[in-house]
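Several structures are given next for inspection.
In what comes next, chain A is part of two complexes: it sits with chain B in the first one and with chain C in the second one.
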Partner chain A sequence: MALKELSSLEKFLGLKKPNKYSTQGDRKVPVLQSNSGPGVVGLVTIATHLTLEAKKPDLLGSSAEERAVVQQWLEYRVTRLDGCAKEDIRTILKDLNTYLEDKVYLAGNHISIADPLMYYGLHHIIMDLAVHEKEKYLNVTRWFDHMQHYPSVRHHLPPVVVLRNRVYTSGHH
Partner chain B sequence: MKLFVSEGNPHCLKALAVLELTGVKCDVQHVNHEEKVVPFLSRPILPVLHLPSGQYLFSSNAICQYLFDVSKKGSNKQSHQWLEWEATELQPALMYALHLVVVQGKTADPAKGLEAPLSFLEQSLSKKTTPFLTAETVGVADIVLWAALYPAFLENSLKTSELKSTRTWFERVGVLPACQASVQSVFKGKGVEALKGYLQKQPAPHGQHTQPRDTHTSSNESPTETEDSDHHTTEEEIEVAAQIWNQRIDCQSKPERKHPILPEEGKRNVLITSALPYVNNVPHLGNIIGCVLSADVFARYGRQRGWNLLYICGTDEYGTATENKAREEGLTPQEICDKYHAIHTNIYKWFQIDFDFFGRTTTQKQTEIAQNIFWRLHERGFLIEDIVEQLRCESCQRFLADRFVEGVCPFCQYPEARGDQCDKCGRLINAVELKEPQCKVCKQTPVIRSSKHLFLDLPKLEANLEQWLDQSVSTGDWTTNARNITRSWLRDGLKPRCITRDLRWGTPVPHPDFSGKVFYVWFDAPIGYLSITANYTDQWEKWWKNPEQVELYNFMAKDNVPFHSVVFPCSLLGAQDNYTLVNNLIATEYLNYEDTKFSKSRGVGVFGDMAKDTGIPSDVWRFYLLYLRPEGQDAAFSWADMALKNNSELLNNLGNFINRAGMFVGKFFEGCVPQVVLQEEDKRLLAQVGWELKQYIQSLDKVRIRDALKCILNISRHGNQYIQVNEPWKKIKGGDTDRQRAGTVTAVSVNMAVLLSAMLEPYMPTVSETIRSQLQAPPATARFMLQGEGNFVCSLPAGHRIGTVSPLFQKLEAEQIETLKKKFGGQQPEEEASKKQAKTVTQDNAATKASAPVAASETSVKADPELVKQLVAAIAEQGDKVRVLKGQKAEKAVIGAEVAKLLEFKKQLTLAEGKSPEPAPQKGKKK
Partner chain C sequence: MGFGDLKSPTGLKVLNDFLADKSYIEGYVPSQADVAVFDAISGAPSADLCHALRWYNHIKSFQKVKTSLPGLKKALGHYGPAGVEDTTGGAADDDDDDIDLFGSDEEEEESEEAKRIAEERVAAYNAKKSKKPTLIAKSSILLDVKPWDDETDMAKMEECVRTIQMDGLVWAVASKLVPVGYGIRKLQIGCVVEDDKVGTDQLEEAITAFEDYVQSVDVAAFNKI
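Our next item is the complex of A and B:
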C-alpha cells in the first residue's frame, strides 16, 4: 500500500525515474533502496527526501513555520492516522474538520507534501463515509475533493463521489 | 511565541531542552495535563508551541525541528529519519512499557516490546564514529531521543543498563546544561512520581486491555455525541411511550380498496397526480423519482393513514415529439403511443407504483373536456386571436413548433434553447425570438410565416390567479422551488400564451375559424388529469369540481412548475366551473447521473426499463432513489454510493436488526414471542422510537419523503445498539433474571421490527410485506401504529408465534457494481463512438442501443474480458518473436510479415476492449 502511494507521490512530484522500494518489519515500513548507503527509511523521511530530489523544496514549506507545520501533519499522518483504532476515526475527522475550516491546504494557502500524503492516508476512511457523514465533515470533504481533483495526485486510488450539494441541510439537535 | 508544557511529560522535556539549547526567545507556560491549548483538537495534548503567526504546533518533534530551524542550526536527512523512527517505532513501544510498569506496577516482561527498538538504537550507536547521532555536535535527533528515553532510564526495571553504547550516548547528551535545566523544569525532582502523574492522564496505549480508569475518559467521547441525531428524551416522553406500548390495537384492518374511489363526506379526500410522463421516450431514474415514485410513496402513506385517496397518472401522448418519433420509426402516432404506453406501464409496474388508475391523454374524454374548457374560456372572453409570426422550415414543409426548432436563447445566450423554453434560464421563449434558429430535423434555417392563433389572456386572469395563489400557498404545502418559480413568473408579468398549434397530432381546436389546428400540449396535457380521471370513473367531477372537499397534490420535477401553478390554474379559473385547484405543489430538483446529466443519446444513465436487468431488486432501487430524492437541491446518482447504502444501511443496519430480532425469537424462544418486563432502559428506547415515529409522520405529512426515510433508519440503528448493549444471546444462557432480560429485549426488538415494516411500506412495499409475513404480524397493526402522532404499541404479545425468518437483503459486491457502472457509464472516450453509432443504427430499440456503448464501425463488439486476455497474451508472444527476428537480423520481408501480424492483434485488442480502432501506429511501420 505504502509503495503504491510512494509511486503516486513520485508522479505528483514529477520525478521521471521511479525509485526502488522495499518494506521492513511488521509494520511494513517503506525503505527507499539506494545504491550508495543504507537507504532511506520511513514514509515521512522518504517523502521529504523525494521532494528535495524533485527540487521542490517549497512543498516542504517556504518558511520555518510552514516547514514545521508540514512536518507536523506528516507526522500526524504516520502516528495518528495510520493504524488508528476505529473509535478514533471520528475524532480525527472532527479535528481535521475544525482545523481545515479556514484553510485551503493543510499548511494554509499553499499545497505541501503533507496534502497528498494525508489524502492517501484518509482515502479508505472517506471512501466508507455515508453521504451524511461526508456532509458532517464538510471541510475535510471539501479539502479531500480538492485533492482528488488536484493535478497528478490521485493516481492509484479510485475517486470518491462527493456531492456538490448538501443533501442534509439541517439536522435536529 | 509561547510554549505550553506540563509536568512529567517527556515530550515537554524535548521541547524545553531544545529551547534552552537553541536559545530561541519564547515564553514558557506550565499548564495541567488536561489543559486544551489547541482549539481544533478534541483531546488535550502537550507540549504546544503557539507560533507568532497564530498557528499551533502540537507535535513535540515538529516543535524541536522548528526551534532548530529558526536558530539556523538546521537538520539533515538523518535526523529526519531518526525523528520519524522515534515517533512511529520508539514511542508506541515506550508508552506501552511505561504504562505497564509505572501505572500498573507490573514487572514481568514489560520491556518485551522495547527490546527491538532499543537494540536497533544500540547497534546504530555502536557503529557511530561521531559522538552524537547525526554529527559531531548535538543535534535535534539527540535531544528528541534522549528526552524520549529519559523515563526509561529513570525507571530501572526497563533493562536499559545492558545497552552500553546507548548509555554512554544518553549520558553524554544528559549532561548538557540545556538538558539538565529542562529535567529540572519538567520533573521538578519528583522523578517517577511526576512521570506517573503524566502517564495516568494519557489514554491507554494500543494492544492493552486495562480497566477504564476513573481519571481520564475524556469529555468528548460520550456515545451521544457521536450519534449526533439522537433525541434526548424527557421523563414525560418515557412515561407516555410506556403507556402507548401497552395499548390495545383498536382498529379494523385495512379496508379493501373498492373502485371507483370517490370523495366522501367527513373524510380527508386526497387527490394525487403525478406529472404525466411524455410518451415518446423511456423514462430515466430522474423522471421516476421526480414524480411517479415520490407520489407513490405519498399515496401509499396516505392510504396507511386511512385517507380517502385517489392516485392517478397516465402518459402524455399528443404533440410534435410524438409525431416526430412516429416518422422516425415508420409508425403512426397512435401506434407509437400504444407502444410506449405499454413500455411505461411495465416500468412502473416493476417499480411497484401503485396507481389507482394509469391512463393516457389520447382519449375521447380528453377531447370532450379540453374542448369544453376551451369553449367556456372563449365564451367568457379569456381567449384572444392574433396573427403569429411563426418559423416555417421550407425544406421540411411545415411550421416549426416548439421543440422542432433550436437556437440561441435571447435572454441568457444559451446555445441550445428550445422553441418554447430555455433549459438554462427557464424562461419561456417565442420561437421567433430565438437567435440563429435551426430546424431540428434538417438543420436548415427556417423562415418566418404568419398564421392565425388563439391566446389565453393571462394578464386578464392575473388578479384572479394571484388571489387564489396567495390562499393556496399559505395554506398548502408548496415546496420552496415551486414557490420561487411561481413568484418569479408573476414578478416578470404574465403575457398572453398561445394555446393552438399548426399540427395534426393533438386535440382538435373545435372553433371553425381554426380548423386544422390543435391545442398546444401545455394547454392540453394538464387537462389529462381530468380526462384520465373521467376514464376511471364517470363521476370524475366529484373529484375535479369539488374544491371544498378535495385536497389536490401535484407531484412533478421543477421544470413543470409554471404550467401547474400559473398556466393550468388560469385555464381552470377562467373556465369558471368550480374546478378543484392544486393545494399542494411538490416539485423535486434534478437527479444527475454520477455528476453528469442523464442522456439518452449518449447512453449515459439508467433508464426505467434497464433497472430490472441489473438484478437489483425493485425495492432497493426505490430505497436508493428515495434516499437520494433531490429535495431542496440537485442530487446525483452514484453506483458506488448505491452499493454503499445497500450494504451499510439496508444490509448492516435495517436488515441486520430485523433479522436478528426474528432469529432470537426462533432460536431462543421456540418461535414464540417472550414475556416483556419493561425496565427503565427499555422505556427510554420506546420513547426514542416513539419520537422517531412522530418525526416520520410529521415529515411525511409535509411530503418530506427523504427525511422520513432517515427516521426509519434511525429506529433500526437504535435497535441494533439496544441488542448490542443487552446481548440477549449471552443472557439467554444465564440465570432466571438474565433469561427474563433476554426475553424482554427480544420481544421489544421483534415488535420494533413490526413497526419498521409499517413505516417501510411506502418505501419498500415488498420488504415490508416480507417482514410482516415472516413475523406473522396481524394486518391491522400497521394502520394503528400510523394513526395520529404515531403509536408504537406491542403488536406481537407474549406467546405470539412467528413464521420463518430469513435475510431481507443481499450484499452488492464491488465487482457487480463496477460492471454495472461500466455498462451504463457512457465513459468519456467512448462517448463519441456511441454517439455516432446511435445515429447509424436503426431506431428499432432505443433501450438496447443506449445500454452498451458500441464501438467499431462495422462490427459492434462489446468489451470481452476473455478475448482481451487471449489477445494480450498473443501480442506479448508475437512481440517477442519480432524482437528475436530483429535481433537475428532476419530478412526485412520476414520481419515485415510478423510485424503485420502483431499490428493485426493489436487492432483486434482495441476492438475487444470496446474502444474505437485507432490508425495503426506509425512507429511500428517505420521499424
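Our next item is the complex of A and C:
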C-alpha cells in the first residue's frame, strides 16, 4: 500500500523518473533504494526526500512555523493514523475536525506535502464512514473532498462520494 | 443562484452554509468567483459563521494575486446555492423553496406575468360561460337504486346518493320509495345531467360505490330535455 502511495506522491510532485522501493520488517516500512549507500527508510523521510528531489521545498512549508506544522502532520500520519485501532478513529476524526474548522489546507494557505499524505492515510477511514458521520465531521469531509479533487493527488485511490443533505440544493436533482 | 443580501446577516448565513463543505465558491481552486463574493462582503464574517470566516481569511491571503486568479468575474447571482436570489444592494429577500429551473432572478417578473395571464383567462372563461346555457344538451334520468334487503335504511341510502356531486349533475328535489316485493323497496330518484359532463355509467359507478346500502342501480327512464 505504501508503495502505491509513494508512486502517486511522485506523480504529485512531478517527478519524471520513478524510484525503486521495497519494504522491510513486518510493519512493511518502505525503503527507497538508492545507488549510493543504504536506502532511505520510512514514509516521512522518503516523502521529504522526494519533495526536495523535486525541487519543491515550499511543499514542506514556507515559513518556520509552517514547516513545523507540516512535520507535525507527517508525524501524526505515521504514528497515530497508520495502524490505528477502531476506537481511535473517532478521536482522530474529532481532532482533525476541530483543527480544520478554520483552515482550508493543513498548513497555511496553500497545499503542502502533509495534505496528500494525510489524504492517503485517511482514505480507507473516510470510505467506510456513514453519511451522518461524514456530516458530523464536516470539516474533515470538506477538506477530504477538496484533496481528492486537487489536481494530481488522487491517482490510485477511488473517489469517495461526499454528498451533503442541504437546505439549499445545488442543482443535483 | 445568489446568496441573498451579502451585506446582511441572513445573506452571510447562506454563504456560511454553502461553504460548510466547500473550500471555494466555485470548483476546487481559488478563482474570480471567490474574488467577486469577497468584494461583496463588507468585512470579515463573525466568529460564529466559522466556515465563512475560514474562507474569508483564506481568500484574504490571495489579495496580492487576486487579479491573476482563473475564471471570469460574474455577477453575484451566478454563485451560491440554487433557489436563492441575489439581493445584495437591494432589499433582503430570502427564498427557500425548491429549485427554480428558470433562475430566481426572473421570478418576480414571472409572477407578474403569470398573474396577468391568469386574469385574462378568467375573463375569457366568464365570457364563454355567459354564452353557454343556451347551447348545453341536458337529459333527465330516473334512477332505480335497489338495496340489499328490507332492513336497509332507505333514508340513509338516499342521503348517500345525494352526496354524489358532479359538475353538471343536479338531483331532483323529490324522490320516491317504490315497493318491489318481499318488503324490499327501491329508491326512485331523478336527476338532470348535462350530457357532455356526466354519463350514466359514471353515475352508476358512483352510486354502487356505496356497497353497504346499494345492491344495484338501473336507469328507469332517460329523457332528453
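Following the convention adopted for this analysis, the second predicted complex is superposed on the first by the 163 of 173 C-alpha atoms of A that agree within 3 Å, B and C clash if a C-alpha of one lies under 4 Å from a C-alpha of the other, contacts with A are read in each partner's own complex, and residues count from 1 in each chain.
Criterion: contacts are C-beta pairs under 8 Å (C-beta built on N, C-alpha and C of every residue); 3 or more make two chains touch, one makes a residue touch a chain.
Being a predicted model, the structure only gives us computed values, none of them experimental.
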{"item": "Chain touching more of chain A, residue-wise (chain B, chain C)", "value": "B"}
{"item": "Chain B versus chain C as contact partner of A:D58, first or second or both or neither", "value": "neither"}
{"item": "Touched partner set for A:H146, first chain B, second chain C, both or neither", "value": "second"}
{"item": "First, second, both or neither for A:L138, with chain B first and chain C second", "value": "second"}
{"item": "Partner chain in contact with A:N109 - chain B first, chain C second, else both or neither", "value": "second"}
{"item": "Chain B/chain C common contact set on chain A", "value": "101, 164, 166-167, 169, 171, 173"}
{"item": "Contact footprint of chain A on chain B as seen in their complex", "value": "39-43, 51-53, 55, 57-59, 61-63, 65-66, 69-70, 77, 80-81, 83-85, 87-89, 91, 206, 220-221, 226, 228-229, 231, 594-595, 628, 632-636, 638, 640-641, 644-645, 648-649, 695, 706"}
{"item": "Chain C residues within the chain A interface of the complex", "value": "14, 17-18, 20-23, 27-28, 50, 53-55, 57-58, 61-62, 80-84, 96, 98-99"}
{"item": "Complex contacts: residues of chain A adjacent to chain C", "value": "101-104, 109, 138, 141-143, 145-146, 149-150, 162, 164, 166-171, 173"}
{"item": "Residue ranges of chain A touching chain B (in the complex, touch as defined)", "value": "27, 29, 40-45, 48-49, 64-65, 67-69, 71-72, 75-76, 78-79, 85, 90-91, 94-95, 98-99, 101, 108, 128, 130-131, 136, 158, 160-161, 163-167, 169, 171-173"}
